[in-house]
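Next come the structures, one after another.
Heads up, the next two complexes both have subunit A, just with different partners, subunit B and then subunit C.
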Partner chain A sequence: MQATGTLADRQSRRPAEARRRRPDLGRAMTLAGLAMPAIVLMTVVNAYPVVYAGIQALHDGDLLNLGSFVGLANFRDALTDPLFWWSARFTVIFSLCGVFGSWLVGFALALLLKPEFPGKSSFKILLLLPWIVPIVVSSMSWNWLTATPTSLLPVLAQDLGFGRVMFLADPTMAMITVCLFKIRISYPFMMMMMSAALEGIEPNLYEAARVDGANSRQQLRYIVLPMTARSTYIAWILMAMFSVNDFATIYLLTGGGPVDSTTSLIVLAYRSVFQDFRPGYGVAISFLMTGALVTLSIILFRQIRRANIA
Partner chain B sequence: MTTPIATAPARNSLDPRRAGFGRTLAAAIVTLVLLGPIIVVFWLALRPRLYTDITGPTLETFGYIFANTDILLWLKNSAMVSALATIVSVIVAAPAGYVLSRGRGGAVSVYSLFIFVVQSFPVVVFVIPLFIMFAAVGLVDSLGGVAIIYVASSIAVACWMMSAYFDTIPVTLEEAAWIDGCSVFGGFVRIVLRNSLPGVLSTAIYAFLLAWNDYLVALVFLRSDDRFTLPIGLQTFFQQNQTDWGPVMACAVVMLAPPVVIFAFLNRFFSIGGIGGSLAGR
Partner chain C sequence: MNESNARRSGMNRRAFLASTAAAATAMTVGQKAAFGAEEIKFWDMVWGTGATYTAAAKELVGSYQPSGDNLGVRYQSIPWANWYQTFTSAAASRTTPAVSSGAAFLPFYFIEQGVIAPADDVVAGFDKSGTNDFLPGVLDAMKTDKGYAAMPWSMDLRVIWVRKSLLEKAGVEAPTDWQSFIKVGEALKKIDVVGLGLADGSTTTDGQHSVSALMINNGGGLFATDGTLDCVTDRNIETLDFLNELVRKGIIDPYAASYTSDNVTRDWLSGRVGMGFGQTGLDKNFPADQRSDLTVISPIKSTRGDKGTVYYINPLMMFKTTASQPSSEAFLTWYLDNMKVFWEKGVAIDVPVRKSIAELPNLKQNANLQKSIAEWQPVGKTIGAQAPRPFGALNAVDGGGAGAAFIQQIIEGKTASKQILETLQTALEKVVK
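Moving on, here comes the complex of A and B:
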């Protein structure tokens, strides 16, 4: 998609073209037909299960039987369970790290890779690798690096005088390790989003700013940040969704432990369903989580549209 | 770009002009740190498995895993599932993305919102109802069943990616075709789709990565050893061989090779930046 024009380009072009054509029944029918496969698929494999899961959340059954109707008991149980609130707290921490940590790293790298320099394109591909490499593989390499007292990083920490650092056995260190792992596998997404946004900025703007005597920090503050704000917000929303719904990253690295310290809501939901066999409860947790997430996204989208930035 | 006005040669990170070797060095250091864990995987995989007199890197461990594990079977399963999911995703997402790009009005807004809301739900929500549905039609423990779920979980972003690419193709091209008597559908296939190879590839890569890298769906739906895909096979193998890291890492290399090779050749077609406009544009 390197031919993608700048956002501003497309924003101005699209509505004008749309207005030029008169609505016509045949065209509408064709478009409806073209949308149909996706609509059917999403209704059967996404929407129907969501509705079913909603019903399930109001029942107390097991994996294959719906059980009896219990009203909002599952939601009440979740909201009064300290582990739910702990997991909610960890989900927030984990997602904030995922969103802002990876944004900072990804944006910095996007800026680093912006000008031409020898080897630029190779670095661009290499730096995307952590995102392409399967999480199963990444988590294994982190396990090898950190899991036991004789692994590389604990030994290194020992030698450097930090003492016995238990990366995955100590609750606080486990939380930090999981968050760092998340940043490492997520920054390439941010790097791609921000690189695309940076390419949309007219080079003349920097030129003009430089002539006016703006230093690089001022250029960043008054040109780059505002001009990429829209992409930034969208990247945040998407990354928040990816982080909150991220099961494999946490589950593969720590399984939610030690002593539940890295249990996020999605891990808790998974455990409720497949280890405690309480699907109603697990699904209720997921719904609470998704509800919060969608609310947040809608607020942010409103913000983007109202501000109509860049 | 080329400025004759010689102000201070302020070569900072925002400077759109050419930077020098200093930047190469900085990028190399950052890359080395960030890729450390991947380098570890290769290093362990290329070490001799047994204590022999081999000192340099060796492919011996790879010989061991191909002879002693089911990795070829897992590889075949993963390849089949991912190929199927990729092809179906593109076939479904291309026309849907066209509608998002060209359609206007209430129905399209509702459609767009539907995609957004559906994609917000975590897979855990879908899993049990799908398990029950699939059990009824014999799709549990089936590679086809898993592929269907992969298509469903990639479809939202795939639609946005296609739509973002179609936005870059001028509507005037289609209008010319319509005037020449081409139908809307014909315009979509002959004009838009034919000029959308980068968009199609981009979407295909996304769908492939999602299917190839998935862990949760395979964990829940694939039950028997001969249906395992690489992540699940690798995981069971890893648990049985806690201390024997060489073979585990050799399997890991086999698993990360296809996406990396595909990306190395096709990365110039891949851009996720465009989905932003498509998402917030309406």
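Moving on, here comes the complex of A and C:
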């Protein structure tokens, strides 16, 4: 059959094509109909709260009333508030520690656990415990370890000659403690991700490298890191999201204090909405966070594409 | 059923649908009558000793027998976690109960929003029956432009407790003014005991209550007499200077900046804390054989010679969502007349606000409570001091983010008093409009 024909030919073919299309249209409508409840549900569950939150961010109400329309005043107030920028700074520090600290520990453990040895599975399960134990329990135990002068770690620090170390009451130490706590509860996730990535590397590659005279460091640099780059980027993206949105780790351990030193953006948003009763302001902070996270995700995903590694 | 049969029985499709709808409506109305209108709901926070208080309150409400056409009452315990969201969500969806206890300043916010009914008729009822024996100033503290926001049922009064044995060990007497407080604190410091026990982690309001008490002690407060925010005053600066001296001399523990309420309670129990502000039921945390070691001292004088402390009046409010306002009022009046069982059973740790309860035999024997009622309650004020009356925005002042950072700055001891107060003023201006 020729691809083209006269106008009359094309007109004569139309009814037949239309007949052929009709079942497709019906099928599409059926599928759309079947998907409609899910679409409606997703809209109600996801879109409605977001739209309502957007409306709240443009008003100065409280938890009971929407209040009056203030335009972008809440966003302007946030961006001109020193506490917002301090919180943004701490969020970056906390996230960087969370991502790279837990990645370093998790990756190191994944490498150590790669060879087979007796009791490997049990050891892996033990290492997963910080991730498995509920955050409330972990934070309580860290409070017992660090909060008072008679707690274990301050006593230990004193005995070791470090003087009186206030792990949670001193602003700088509180930041360090919170970051270490984050690394502790997050490294098992990284360990699992990197273990899976390491399993994907063909053993032949290591053998070939050894034959060519590559030492362990060179194997790490030229085989392991490039071959796990895609998983690493994905793990970083996920952990960055987890860290920026991590409310419980900070709030349960320090509540954002002392003197706001460990206040991250998510803690600031929570406090604005539920302690200061300024939902518009709190939601505006959340939207600014969302914008930053989306931007970060786009950058990292582009990085993955550029990495171009299977 | 075919068409001919339907005709014979007088039932066609339209009649069938109509009768189904009628049955459904009847069932709905019946259900409403059965489950909705026969009872009103009473929400009660977890007060006092916790589970034992709740059990006692549930038992008390269960014994309520409504008179006349009044409705019965169903008890529901409400946890403190996310209390503000619980109440505001209920108010927004019009699912609030008929009567509820709640946080001290919640009624002032709700009456401003028109969510609760004023308790004027309940107060009038007590006046009429001659049973209005509320402690001086307590009812007045509930007054607003729209009437009484709620009825008071108990008072969280902050008093200074000391551990007698630790003071004896340090060789000092209980303080009577700020200067002697510093001297006693220094003596306690020498035996490694904290002179002003505080908990000021960012998730507790304990430290804020203590500092508010001292600010009121010096005739200060966060507000001017016209109700506007006024944190940076000479009296408040003096109070912060006093606190700064306590910090510099090690009388306040720097670890307090991250303490939870549990942390400071454990320090009281272990003998690490020798003095501090606490609720009138602080001794209930102690084992029975150690309780006598704790004593409430008389209010201390500030450098200006003033006395004072902070209190929070625990309210009972009536929501407009009630199925019957007379039933709400009848229950509230009955509850206030019968709540003495909480003190008889020892499940309430706050001060009773009625003389008839304060004079119960077991409370008469409680020297600490009697001293609190006789000496501390009359000099107490709310955190709204020096404003003429409480208002809704105090919910955000009490427990807001600004308050915790304010006390932590004091404990840090690095910033000048005036600057700390200026920071507080700026932060509070955002939440008090």
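Operating definition for what follows: the second predicted complex is superposed on the first by the 267 of 310 C-alpha atoms of A that agree within 3 Å, B and C clash if a C-alpha of one lies under 4 Å from a C-alpha of the other, contacts with A are read in each partner's own complex, and residues count from 1 in each chain.
The working rule: a contact is a pair of C-beta atoms (placed from the backbone, for glycine too) under 8 Å apart; a residue touches a chain by one contact, two chains touch by 3 or more.
Just so it is clear, the model here is predicted, and its values are computed rather than measured.
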In the superposed arrangement, which partner chain does A:274 touch: subunit B (first), subunit C (second), both, or neither? both
Touch check for A:289: first (subunit B), second (subunit C), both, or neither? first
Figure out whether A:258 sits in contact with subunit B (first) or subunit C (second), or with both, or with neither. second
Given the touch rule stated above, what does A:159 touch, subunit B (first), subunit C (second), both, or neither? neither
Who does A:149 touch here: subunit B (first), subunit C (second), both, or neither? second
Subunit A residues in contact: does subunit B have more, or subunit C? B
Just subunit B (first), just subunit C (second), both, or neither: which does A:63 touch? both
I'd like to check the shared interface: which positions of subunit A are touched by both subunit B and subunit C across the two complexes? 63-64, 251, 274
For subunit A, which residues are in contact with subunit C within the complex? 62-65, 143, 147-150, 166, 168-171, 174, 251, 254-260, 268, 271-272, 274-278, 281
Interface with subunit B, subunit A side, in the complex: residues 1-5, 7, 10-11, 13-14, 17-18, 20-21, 23, 26-27, 30-35, 37-39, 41-42, 45-50, 52-53, 56, 63-64, 109, 111-120, 123-130, 132-138, 140-142, 144-145, 152, 184, 187, 189, 192-193, 195-197, 199, 203, 206-207, 210-211, 215-216, 219-220, 223-224, 230-231, 233-235, 237-238, 241, 244-245, 247-248, 251-252, 266, 269-270, 273-274, 279, 282-283, 286-287, 289-290, 293-294, 297, 301, 304-305
Which residues of subunit C touch subunit A in the complex? 82, 84-85, 88-89, 91-92, 113, 115, 200-203, 253-260, 263, 266-267, 270, 272, 395-396, 399-402, 404-405, 408-409, 411-412, 430-431
So in the complex, the part of subunit B that touches subunit A is made up of which residues? 1, 3, 5, 7, 10, 12-21, 23-24, 26-28, 30-31, 34-35, 37-38, 40-41, 44, 91-93, 95-96, 98-99, 102-105, 107, 111, 114-133, 135, 148-149, 151-152, 155-156, 159, 161, 164-165, 167-168, 170-172, 175, 183-185, 188, 198-199, 202, 209, 212-216, 220, 230-231, 234-235, 238, 245, 248-249, 252, 255-256, 259-260, 263-264, 267-277, 279-281
